[in-house]
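Both complexes below contain chain A, partnered by chain B and then by chain C.
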Partner chain A sequence: MPAAPTPGSRLRLTALLAPPLLWLTLAYLGSLAILLLSAFWATDSFTSDVVHTWNTDNFHELLTTPVYRTIALRTLSIAAAVTVVDALLALPMAFFMARVAGGRWRRPLLVAVLTPLWAGYLVKAYAWRVMLGEDGVVGAALAPFGLHGPGYGTTAVVIVLAYLWLPYMILPVYAALERLPERMLEASADLGAGAWRTLRSVVLPAVRPAVLAGSVFTFSLSLGDYLTVQIVGGKTQLLGNVIASQVTLDLPMAAALSAVPVVLIVCYLAAVRRAGALDSL
Partner chain B sequence: MRISRTARVVLGCITAAGLAIVYVPLLLVLLNSVNTDRSFGWPPSGLTGRWWRAALHSEGARQALLTSLKAGLAATAIALVLGTLAAYAVHRHRFFGRRTVSFLLVLPIALPGIVSGIALNAAFRTVLDPIGIGFGLFTVVVGHATFCVVIVFNNIGARLRRIAPSLAEASADLGARPWQTFRYVTFPAMRSALFAGGLLAFALSFDEIVVTTFTAGPGTRTLPIWIYENLARPHQAPVVNVVAALLILASVIPVYIAQRLSSDTAGGRL
Partner chain C sequence: MRKRKMSAWRSAAAICALLLTAAGCGSGNDDDKGGHAPDKLGKGEGKVNIIAWAGYAEDGSNDPKVDWVHPFEKKTGCQVNTKTAGTSDEMVSLMKTGQYDTVSASGDATLRLIASGDAAPVNTKLVPNYKDIFPALKQQPFNSKDGRMYGIPHGRGANLLMYRTDKVTSAPDSWRAVFDDAARYDGHVTAYDSPIYIADAALYLMRAKPSLGIKNPYALDQKQLDAAVALLKKQHKAVGEYWSDYQKEITAFKGGDSVIGTTWQVIANLTQAEKAPVKAVLPKEGATGWSDTWMVSAKAEHPNCAYKWLDWIVSPKVNAQVAEYFGEAPSNRKACAETSAPDHCAIFHADDEKYFKRVHFWTTPIKQCLDGRKDADCTDYAQWTRAWTEVKG
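And now, the complex of A and B:
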């Protein structure tokens, strides 16, 4: 347990906290505040210069233009789909790695899952562009079955984003499953529960915070992504793309638009924090 | 929990299939880097080492690599200091707003890169530019360090939770000053966590492209930026393939080091 405060420890605490908080406030929260402020500014439509007149036109436009709503909803659904796909893949994989594979296999499997994490975002997104292209491997593999690959588009975006963020979901789930005491599973069996019952009543509740922690990454990374969409999305537009394309043309509008993912994520973070997910991040 | 044979086999198959899907695209990039064709088609038409030789002489790629290394090292150094201080404060002290501090630290990686990117961009433009600090390596480092802090914070935090505070108390009881306790007791116990956190922070900075796009000046090119710029140029494609292949091969190194170093990184402290 942390020590009770004494005058000395209070001084030490201040010394410890001041540098990181100062950095965070100046470099990050300050920037966010400036971004939020600039959302209330306007842009001269001739010169593209930012005009410092206070108004809420950008938010008004954001809320009343149907295309923004469509794009926001599309982005939200893609982020949700990616999160679900990753959770569905990560649960059996992590369970196999942590609970089924023998001790000798655990390490190599974990390394196998971890390694691609370091291979680079662009490299992987680009690899999928090649995979899904005209004469790509996916098409070639599906051709004998009379099927076509998804090509570039929304499906490709979900596949590639799910691919990119999968390790972020596997790792926390694996860690939670590995920490789960064998005794608990034995106790469940002693009380007469079958494998399914144990899975539902013991294992799943125990990994729930980990899945939520992983989902913070899969959800938020998908919500803001715009490069993968550019690489494999075809004509698909997501929030990230709209924001990125507005930055040079109309910074105030871009700022107003970025309030959308921020609000979504802060709500999401607040929700998962109550479930204790942030402690297992 | 008794897992039936069938369940084991099914789970094993899912895992194997998952890993296969993970590795196919990566192998493809490796294969692509020795493909005689400039544009990639399946199956490849022949093998050549030409592109590798060309890539080794690419000045642009080399410069970009150097910039990435500089930015990564600087951001990691800042993150190590700030992350450790914050972890110490949060995990060894009780104070009002403790949870808020950890929440705030997570924010830079929880918010989408594009939001962090344009926020930093807007801030640098309105605050730094007027006082003569233009966009460049410095702004990139500030941006990267901001989201790297949480990585170190998480790694050190996880380790501090495991080191019993009684160890430090015993040291104090034996007459050690706080600094001595840190130097002889706490620091050795968290050295590997520091290293693992630093490694992860460096990797994150090395791979970061979105925040970099919005915080780098036109002359500052990190490796991901260089790759992205050259993806669109057909005559550069083979060199980009080789750089991509090199990145995949190099990715084995940090994982190997991290694994040797501590079993702690296995916990996925990202």
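And now, the complex of A and C:
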């Protein structure tokens, strides 16, 4: 048990913690609070100035207009699809890196996974726009098989977002697999389990929290994205686009709309927490 | 333990109260909306912050031969900082920050800037080149109020219909091609991504459905707006993508992802320069269009340099350079003698008022019907914005 803090050390601790706590409450949570607060204001329809009269019209409109529900559901399913795709790609990749590849291979692979993170977001998204276009590489590669590229649209959005966020899924899964003791796999084999059974009963439960932690990134980043949709989404409209188009004209409505992803993420975090993925954080 | 919890709650409550008062303080009402036009100009402040459409304030970085910013800096000593805006909505929100001195606003932004007090009236006497501006551009409903000009007209143009000549074989001469006949180009139709595009549908309905009684595409009552929205929803099925960024449209037409849709002359020129087989026409129904105005911020920190810029950008030579680079009709009639292509003003119908009679310049839709109807309530821009979200679904 540590010694009781002297007044001097307590002062130092306060001084040390005050700036980050101030930042957290004022700048970080404060801005969120202001955002939610402004959702209860109105807008002068002509000048687009915010009128400070308290009302719940924006939330009423949000809940009663069918198009917002459609857009919210579409955004949610795209975020879920991106998460699933990333999990399916990351698991074998991370397993190979952590357990199969030797020391000579591990480092280059890790670098390869990280490299895309160093390139600009827009550069990557525009590269995909070129590849997915009518005369792009994807279409040309599929043409010999009599297939068409996905073109611009929701499929393209899922592909590009899955590409963009993949490292955020691979890295936690890789870390979890690397920590998995060799002995457990040996024990499983000694007890007569085949590769498949070991994967199902030992490996997957061990990496489940890591996958869920990675999914928090892929899910929340997809939920808030609007640039990729603008670039490869064709005519698809997601929550982020609606918020962006409202923000200059009707800030309170935009604020009400942005409450939707916030609520969705809070629910998701609560679900993930119950599953125990945040315990190791 | 209990006590600590209480005090945490109390401090949270205190922070919330603090935030509330801080937020409440910002809403001070000032009666002097929009400020005043200066009576005379002083010395330049050495700096001017500009919001411009792409192509309006070129400093040679896109094309070394296209540069009218450096000569301005040399002549006036005013350093130019340019912020390129993609849409009118972006311009309006940038102007609200108060960090900019002047903006090249289009008609769907000007009235909003005037009403919110973000733009100040302009003393045209302090802009010597104003006298040579085409009379048809002065004192228009979208750039003046109560007989006072709120800016200097810069140039004008129409939103044209562009198509790929290899994919659209029967040359279209009507907006019908992107509305009632849109299904022919299923998945390859493009449209301008802004609520103001609703006016394009209304313009088509003026001719296609006279029973709706639309007189002005920016003055739509609820029933007329609903009809335009229904038409746009039908078009949506055939749309491949919407564009708001001109680069995006160029690549879409070049690659064949878009084969027909609205465009600006400058986009048609650039797409042709990239060897794509496209053509742009003004359909028989006429078109929507834009007339841009350089406005001065009510909170301008560098008003003297801003006025110098206003005079510079509409001076005959520079106005001609911008008009040719951007592909628009210049606003200064003396500019027509300065263009490098002698027929530029003829091609862009600079002084052809009959041509521009067919162009309905962007105007912010407001509650009072702009077509003079007293017995009806019109839909405003906020309603258009929501309708646009609805259209895109």
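Things worth noting here:
Everything that follows uses one rule, which is that the second predicted complex is superposed on the first by the 261 of 281 C-alpha atoms of A that agree within 3 Å, B and C clash if a C-alpha of one lies under 4 Å from a C-alpha of the other, contacts with A are read in each partner's own complex, and residues count from 1 in each chain.
By our rule, a residue touches a chain if its C-beta (ideal position, glycine included) is under 8 Å from a C-beta of that chain, and two chains touch if they have at least 3 such contacts.
Here the structure is a predicted model, which is why all the values come from computation and not from measurement.
By the touch criterion stated above, A:34 is placed in contact with chain B and with chain C alike.
Of the two partner chains placed by the overlay, neither chain B nor chain C lies in contact with A:77.
By the touch criterion defined above, A:245 reaches chain C but does not reach chain B.
In the superposition on chain A, A:55 makes contact with neither chain B nor chain C.
Applying the stated contact rule after C-alpha superposition, one finds that A:135 touches each of chain B and chain C. Look at A:172: by the touch rule set out above, it reaches chain B but stays clear of chain C. More residues of chain A lie in contact with B than with the other chain of the pair chain B and chain C. Once chain A of one complex is fitted onto chain A of the other, the partner contacts of A:234 are limited to chain C, with no touch recorded for chain B.
Contact with neither chain B nor chain C is seen for A:201 once the two complexes are overlaid on the shared chain. Once the two complexes are laid over each other on the shared chain, residue contacts for A:43 go to chain C alone; chain B is not touched. Looking at chain A, you'll find residues 30, 34, 38, 130, 133, 135-136, 231, 247 touch chain B in one structure and chain C in the other.
Those residues of chain C that touch chain A in the shared complex are 15-16, 19-20, 23-24, 27, 89-90, 92-93, 111-112, 115-117, 187, 236, 239-242, 248, 251-252, 255-257, 364, 366-367, 380-383, 385-386, 388-390, 392-393. Residues 1-5, 9, 12-13, 16-17, 19-21, 23-24, 27-32, 34-35, 38, 89, 92-93, 95-97, 99-101, 107, 109-124, 126-128, 130-131, 133, 135-137, 139-140, 163, 166, 168, 170-172, 174-175, 178, 185-186, 188-189, 195, 198-199, 202-203, 216-217, 220-221, 223-227, 231, 240, 243-244, 247, 251, 254-255, 258, 261-262, 265, 269, 273, 278, 281 of chain A touch chain B in their complex. Residues of chain A that touch chain C in their complex: 25-26, 30, 33-34, 37-38, 43, 45-50, 52, 65, 67, 70-71, 129-130, 133-136, 151-152, 231, 233-235, 237, 242, 245-250.
Residues 1-4, 7-8, 10-12, 14-15, 18-19, 21-26, 28-29, 32, 40-43, 78, 81-83, 85-86, 88-89, 91-95, 101-108, 110-116, 118-123, 126-127, 142, 145-146, 149, 153-154, 165, 178, 203, 207, 209-210, 214, 224, 227-228, 231, 240, 244, 247-248, 250-252, 254-256, 258-259, 266-268, 270 of chain B are the ones touching chain A in the complex.
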